[in-house]
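In the part that follows, the structures are each spelled out as structure tokens.
In what follows, subunit A forms one complex with subunit B and a second complex with subunit C.
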Partner chain A sequence: MTMALSETSQVFLDRYAELRGRLAGADLPWLAKIREDAANTFRVTGVPTPRMEDWKYTNLKALDALELVFAARPAEVRADMLPAKLGDGPRLVFVDGRFRADLSDSLEIGEGIRLASLADLLSADPGFIEPRLADFGDNATGAPMLALNGAFQEDGYVIALDANADAGAAIEILFWDTAGEAAAVRQPRNLIVAAANSRAEIIERHMGAGSSRQFFNGATLITLDAGAAIGHYRVQSQGAGSVHVNTIRTRIEADARYESFILAEGGEVARDEVQVGLMAAGAYARLDGIYLADGAQVLDSTTTTRHAAPNTTCQETYKGALDGTARAVFQGAIRVEPGADGTDAQMSNKTLLLSDDAEIDTKPQLEIYADEVKCAHGATTGELDAEAMFYLRSRGIPEVEARGILVEGFLDEVTEAMDDTPFAHLVRGHVAAWVGRGVKEKEMKG
Partner chain B sequence: MLEIKNLHATVDGKEILRGVDLTIGDGEVHAIMGPNGSGKSTLSYVIAGRDGYAVTEGSITFNGKNLLEMEADERAGEGLFLAFQYPVEIPGVSTMNFLKTSLNAVRKYRGESELDAMDFLKFVRAQTKALGITEDMLKRAVNVGFSGGEKKRNEVLQMAVLRPTLAVLDETDSGLDVDALRIVGEGVTSLRGPDRSMLVITHYQRLLDYIVPDVVHVLAQGRIVRSGDKSLALELEEKGYAEFTSAAA
Partner chain C sequence: MKSESTERMTAVSKTVETVQSVADRKYKYGFVTDIEADTAPKGLNEDIVRFISAKKDEPEWLLEWRLKAFRHWQTMEEPDWPKVSYPPIDYQDAYYYSAPKPKEGPSSLDEVDPELLATYDKLGIPLHEQEILAGVKNVAVDAVFDSVSVATTFKATLAKAGVIFCSISEAVKDHPELVKKYMGSVVPYSDNYFATLNSAVFTDGSFVYIPKGVRCPMELSTYFRINAANTGQFERTLIIADEGSYVSYLEGCTAPMRDENQLHAAVVELIAMDDAEIKYSTVQNWYPGDENGVGGIYNFVTKRGACRGRNSKISWTQVETGSAITWKYPSCILQGDNSVGEFYSIAITNNYQQADTGTKMIHLGKNTRSRIIAKGISAGKSQSTYRGLVKMMPKADGSRNYSQCDSLLIGKECGAHTVPYIESRNKSAQVEHEATTSKISEDQLFYCRQRGLSEEDAVALIVNGFCREVLQELPMEFAVEAQKLVGISLEGSVG
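Take a look at the complex of A and B:
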């Protein structure tokens, strides 16, 4: 197959050819080969276009308009310029895609728990990293953004838990972007390795100073051995002009539990994609998300769940509110393999449209090859309830606040399932700030 | 307090109110009775400022201000309160939070300081007791899963919290059994005062046993066709509305 590569795709390949000898770990032959293979996979299709089924609703052509800057520029960032830590746990800070040990905090949290940067481990302990990166599947066709990440991979976070290790307080990962004229390219590659019966909660925040713009193309590989439990909670609030693509691949073994949550509100075009494999009996995944979009934003939530063993469970709830001419995409694929009897798969997507021009494209996709399966999916789209609006306003609550109350109430189904954790507070704070954004504008004008 | 003059209003182009005249003085309780379709609920919605009702003629003056120029929330700020015939369910919003937001919005409008969580809790607890409203009810989402009686008690609670100068009660007795009717009736009556007027809209006389009106009006075919003292309510209970519906037609 020959396909003319877009100009932007060619820019990536040219920069790869130029930079490959200088990337972290360039001297490791196995890593050089992974990168080279990934670059070759990317070369087949280039940046995905709406002609690819998986990218039908989300167009990355916004990338063409960005002036992409690859070289890491040293940023003057002090700890007091960063958002406050969320809790008592450790924090790993990445500034413009680079790990900053000087800004990170309490990384030694106990026996059997390793928190580090990928770049550091590539020099300190490449033997630990090699089998895990090799396992990533960068060369799978149909995943060009993962392949692009694979070609440029050199830094990211690594969280490795030995058997029975318990990380305790949530581990915070902060990806902080500094402001710049052009769009900085960040392609972190992260690893979460949870050995049998280990547990950790990880909070990932993607944000930037002021008018920061980025092309963020991250990838995270997660493995949960039998009985492990990982909570993986993310807030994506990158700068308004950013393009954000994040791909997460999780393998879940027997009786292990993976809980994912994404609050997406940033960027011009953003996609959060979670692919989970439920590999052995008792494997459990919960995938939840909230998307909040305004202006001309496009926010995409894509999930792929593969039930590869009997008695596996996945529960999925995504809800969002859209204003202006914003558009959201929800793609939820569930595949139940032959023999995966006792599968329980529940998927729900609900969207509140706050303007006539907002739009949701929702695409459930079920492939079921087993007989005894409980599968349910539902999608609804609605507008604000006029009766409820009048009720609130008749109680003295002005229009913008009343809308906010109804939006928060609508999203409560997702947030109330969260325990009273620092992350739950963070999410509620983001939701409240988003619904209140009109009030602030109004007061400033008034 | 409230002065309605020659009020005409349409819904979807159809004239429902055809020249209502009504004056309510400070501290007075007026009842409006009338057959179904006479325009009772339309009158309450027009007073409260609901969208979809077009006033084509006439005026409503509330404490000297033109009510028809105000949004629904501004009317609430000015001291108007509508107890709904069918209180609306709002999933995901706790009753407590709703009450607090509402009270503080009204206080802000009136130029008063907002109450913090502690002061508010104390204030609300004092109101809930008499109405038989439990803490559990306050934690539940607004009206979601509430019984008919609980919903109406919740309306009275909101009235007690917001302390309006004019309360319009739209068919507050509908859907209530005898016990609930008594609790709601006594709750409303306890809120009577020299600075608080009420407009009680009802189809039946029974609510007026608890909320005894100073004046009773009959609304038929979009107009007030007769006014009298509380004995008029008893007369209507006995004779029905037949004379008004046929006379006006």
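Take a look at the complex of A and C:
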């Protein structure tokens, strides 16, 4: 049955029809087919609406109000305009979704480790890319944003680790947005390919110049072969008027470990979605997140964990604080397939409401078809503890500051679990800046 | 999925059809069907709705209400979101009215299916009661107790207290002002597919009104309402507890209920005014189908209570062991400040049973509190889902919710699912939700077996422990039978 598509959905399809012949790798028949199939999948539903269960709480109608620009913005970006590098590792820089070799840094980090842009590899080594892009289910119904990304895919980062390779210092990926009134449409597709027993830490930062505005619809496809270990850490601080959707699909094989962390604080409407498949015994995933929202922001954290084999483990902790009229959404689904005995899945979601008009919608979900399992989830919502507040106030700590101390303390459960790395410092800095923003305002006024 | 515009088109064309058919008949109240007949012809149309209403000698406003519901129902689509699957229901291939007929029952217990009798024995149902349940001829309900007629005594006691307890049809005749005021005020005729169907064709059910300040002197139960020996397919129950009153109502019984009607779509509405309390307990043991999943009742029920008044309280307790498919979400709308909603549930599924059940707690008033304790037990090839919503509205200052959903799995081929929705729009409201899933521990089983319990008894004991918090909410007589029922429902699930 065909469905009347929204105007915005039709804009995407029209632009796809116009651009498909010019996208990177358009001459590769297999890639053209993936794009075409993805476009057709997107065509079934168009941009998701709250009538779809998976999008019940997050409405992308904000997209309709954006002026969408598909072409690159002619902005000049120099290295000194970008935030400083986090550590000693390599850095890949994407400006408005396009890889910039000139701004990137130390990409040759050793034998068996490949850091590159997808667009470059599509011309340099398409044979390497083909099997990796092919089987990630762009056409799965129910994932229209992934399909939309699939239709337009042409650039993004590729991190490929040979067996036993160790990347050492964290690899930083910077997605930098330039300033502009119109919303630049950016749909990077990234690949992380970790062969057996390889390891790497990857830090993704999504940010931009002061008044940047984007429609970001990214997708990252990750495979971890037996024994591989990947840390995948993200900070999403996109410009205020942006719409941000990021879908991560990870397949974890025997004894491999995938750790995901997201700090979400940017954008007008943003969704970070992690789909994890634990495919063989010993596979482990840890999914953590912090969301901090104010104003009229809507921040959505959605996770799906599929335990497809015996003896797999998943631990998940998401916490957030909401102020103003902000709203946060947490959807966490744990699915234990028949025969996946020995599954251990724990999920927790806790939210602090700091204002009268903030809202949290949370939906932790268990779907279990095996009996030798340990599965639990918990969710709480509430305000700051009045007694703790009183305690701090009675010791002469001003209200805004006391509030900050308590919010930071609340989020500690997530940040404390992180090792003392440059990324942990970055996250703590963001948290401190967020809770302190009220203090600064007050100081300026007062 | 249909687009909005296609749906609208369908709705529009359906409305046109409906109006056309009404116009063709010029709104005449004449009936195509013979109202003297005991059974309405197969199928569902406006004439059938009129037939039911005429049979019950209902006032015009009620007929209009039924017709409004029926017309709305025709524009609706059957929900497909519950985690249950069943072949499509042909609503035209069913009878919607048949007068209760004296059944040609067996002449003694010797003629009753021995399997049924064995179950009665295990439940500890006395012999006399067994005869009634099995429909043995010439045994009146009164015989359950030795000397006095229970019915007479209990009617006198209730009348003295001013409690109205009768069938919904009697209430329509004797207390139309109450029925008109409250029916549909909690579950509107347009609420959902099955409730709307019920609104159009309901034929039976109970009506309870507890006057101001009265504590109902006894537990009310459909079981004792003489004319309710045959519970209808489309029951409608309305309970109103006026200011400062209290009532405890029991629905169903632990004995297995066989019924030839496969589809059951009941509606229950509860209304609690200031300081009033309603405690509603259900034991549902409809025929679940055989061990191959053949047959069994589809139980699609809408139950909702409104805590209208300050300090009011509504408490739902349910033990769901029967039915091939259970689809019910007894809910509380906490309107009055300081009102309290509770939901205690045990859902046991075995063989091919499917249950999608839970609750909704909608907090509107200040300092409202709700508590959800749901225990799901899945065995065999069954699927059990807890689905619930806790919603804190902006004015629900200082409100609290605590939810606990535990699932127990027995066997490798069953499923247990938890789908809670939590929506909070008030910072001073606190919501806590916890859910766990586990299996019966080998250690516990071993311990029980070592002490000489059979495997079935051991499972029953452990499961009863798992359900303890809910069982203790049931009225005492019920609780004892329910414990036995828990064991019986899981027969054949281990070993």
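We take it that the second predicted complex is superposed on the first by the 445 of 446 C-alpha atoms of A that agree within 3 Å, B and C clash if a C-alpha of one lies under 4 Å from a C-alpha of the other, contacts with A are read in each partner's own complex, and residues count from 1 in each chain.
What we mean here is this: contacts are C-beta pairs under 8 Å (C-beta built on N, C-alpha and C of every residue); 3 or more make two chains touch, one makes a residue touch a chain.
Being a predicted model, the structure only gives us computed values, none of them experimental.
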{"item": "Combined model on subunit A: subunit C and subunit B, fit or clash", "value": "fit"}
{"item": "Touched subunit A residues, subunit B compared with subunit C", "value": "C"}
{"item": "Which superposed partner A:F390 touches (first subunit B, second subunit C, both, neither)", "value": "first"}
{"item": "Angle at the Cα centre of subunit A, taken between the Cα centres of subunit B and subunit C once the superposition is applied, in steps of 10 degrees", "value": "80"}
{"item": "Touching partner for A:P398 - first (subunit B), second (subunit C), both, neither", "value": "first"}
{"item": "First (subunit B), second (subunit C), both or neither touched by A:F12", "value": "neither"}
{"item": "Touched partner set for A:E408, first subunit B, second subunit C, both or neither", "value": "first"}
{"item": "First, second, both or neither for A:Y284, with subunit B first and subunit C second", "value": "neither"}
{"item": "Subunit B versus subunit C as contact partner of A:F175, first or second or both or neither", "value": "neither"}
{"item": "Superposed arrangement (fit on chain A Cα atoms) - minimum subunit B/subunit C Cα distance in Å", "value": "16"}
{"item": "Footprint of subunit A on subunit C - complex, ascending", "value": "1-6, 81, 392, 394, 407, 409-439"}
{"item": "Residues on subunit A engaged by subunit C in the complex (per definition of touch)", "value": "1-4, 45, 51, 53, 338-339, 351, 353-383"}
{"item": "Interface residues, subunit B side, partner subunit A - complex", "value": "48-51, 71-73, 75-77, 81-82, 84, 87-93, 98, 101-103, 105-106, 109, 141, 158, 162"}
{"item": "Interface residues, subunit A side, partner subunit B - complex", "value": "385-388, 390-399, 401-402, 405-406, 408-413, 416"}
